[in-house]
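Once you've had a glance at the structure underneath, I'll fire off some questions.
By written order: A, B and C. Residues from 1 in each chain.
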């Protein structure tokens, strides 16, 4: 016995009842209170069989293992760097996880200086407050040139698209390198500032229209139209 | 029984809410009831300094409520007063029961409330705005909280007392905050004199009033999401 | 995070949001945003939002100016507006902002302080101008000045009954402003001069100069920032401020 009170893609608020009865199971963004499943977030309903999840539409980035993020070197200590990744906590990049071998006692600013930007991967998290990054691996590098824009982290999947379809479209039509961090930071580098501006506008457009159907086709038109 | 502005005993003043009014905050909201206007902003979760204040088991909530100096007829000097310190504390306690801060050890969620224009019921308006701002900021909440002041004016138990009523002789002021779904009480204060029956009657009035305020909060949050979609 | 990007654009006379170097963001003014104030206004400049309320109190005049009232300006940089603002007494930034706004109003003589006299040597009106920054989107000085001027423009004297002020009753007497000294702040970024910088451009500022101008005359200046300015740059900045006066005047 169970009754679903909402449907896929409904916008719900904290405390809103999503389902009655024991048939349904709560997942992220929802919880069970006696016989009911309740939302704990402002977000979108996502139902998979009997599992109800709420996708938050607002809020700061919640770091996850294996996420690729764009960070800013905020500080450094003896054994590594402290990196701002735009969430509640600073992440750590230890010397041993840097992209090249570094001698103990070396001057760390020679490798990553203050305020430098990096593309890194989250390789360990302990209950959100200890986050370890690594620069070892393909696609992880220091950022030189280009610009950074910040969007709501919850919109990142839309910017990337299914199997990268959206971001690849953007790269192709704007001639820019684009790296999307899961933490809502996006790096754009093109051959000229007009291309970079075009890519920026396109990304901000996707952010604000993220729930429109057929967005990929719409963006294709938008980007081709702007070329003229 | 007529009130000075013609309202019935169970009639609140006009209410209005809006979310996302302060761009640089992680969450923000505006709430107006009659001539009382409150704005709230949330920064967080963010790392808490100094370290000795950190709680390794869960995040902490900090609330700061204050009146803007020109929000009241006699200017309020900027800076904390005993009144604003007390209200900051009860505000925090009215919101904490619905917040899930276990995901944010060593972090803090900061809530700031300012009253732009005051005509009684300011702490209640502040709590109502803060609740929307916290939801906007994406802090996990088991429920929304809304608040309204009931009172006993000239012997009658009424909802949402305004300044004129507050200033009458023997007025009793009872601010109450209630959670949306489970209807639990998270703020209850009283000054004046009432019988137990009058108090319970007041609480019932508050529950009904808060139901209406929830609708405003819900609509404000949903409208905010929809507007973003239509930009 | 985008310093290099901002500077590389500026070198080509471009800005992050497509504005020209001497172009202000959209400005909106609202009056009477708080009923209990004697005068109030809100200025929205791009994302920056500043609220100002004017309260009037009776006080004793300074002994060297027995028949003049005065203005007292206070700035609250609310922690709401910027995650880096902290609770507490006014920071140096808040204090500087208050004093810049004060100078512009005082030195232009836009309010006749003698008209604020109630009893010579004993009682004068004090105009308490409280400036609240509610969202910091950059260029707080110019937004605060516009908000303050608009609040003063709407200020009505409360009723004085003997020694007490009755705030619940307002008179029909409005505060008269003889002039409207607007302020234009110029910023040196990447070797060029800009107006109205926003948060993205803020970290790239080398210096700034706030110019209070009224009818082509300069009533107040304040240089800020950690780098120096040449006299040629200062002259260029003042020319732009005088040019912008006409446009900013539309908002007072």
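Just so it is clear, contacts are C-beta pairs under 8 Å (C-beta built on N, C-alpha and C of every residue); 3 or more make two chains touch, one makes a residue touch a chain.
The model shown is predicted, which means the values in this text are computed figures rather than measured ones.
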item	value
Arrangement of touching chains [line / ring / star / complete / other]	complete
A-B against A-C, pair bridged by the larger set of C-beta contacts	A-B
Chain closest to the middle [Cα centroid of all protein chains]	B
Chain centre separation in whole Å, for subunit B relative to subunit A (CA means)	33
Centre distance in Å when subunit A and subunit C are each reduced to the mean of their C-alpha atoms	39
Junction residues of subunit B - those touching two or more other chains	46
Residues of subunit A touching subunit B in the complex	11, 13-17, 29, 31, 33, 38, 40-42, 56-60, 62, 88-90, 127-129, 208-212
Touching residues (chain side subunit C, partner subunit B) in the complex	33-38, 40, 47, 49, 51, 53-55, 57, 74, 76, 78-83, 87, 89, 128, 130, 132, 134-137, 167-168, 199
Interfacial residue positions of subunit B with respect to subunit A in the complex	26-27, 44-47, 56, 59, 98, 100, 103-107, 135-144, 179-182, 217-218, 221-222, 225-226, 228-231
Complex interface listing, subunit B residues touching subunit C	22-25, 28, 35, 37, 39-41, 43, 46, 64, 68-75, 78-79, 110, 112, 114, 116-119
Residues of subunit C touching subunit A in the complex	1-2, 4-5, 8-9, 12, 14, 18
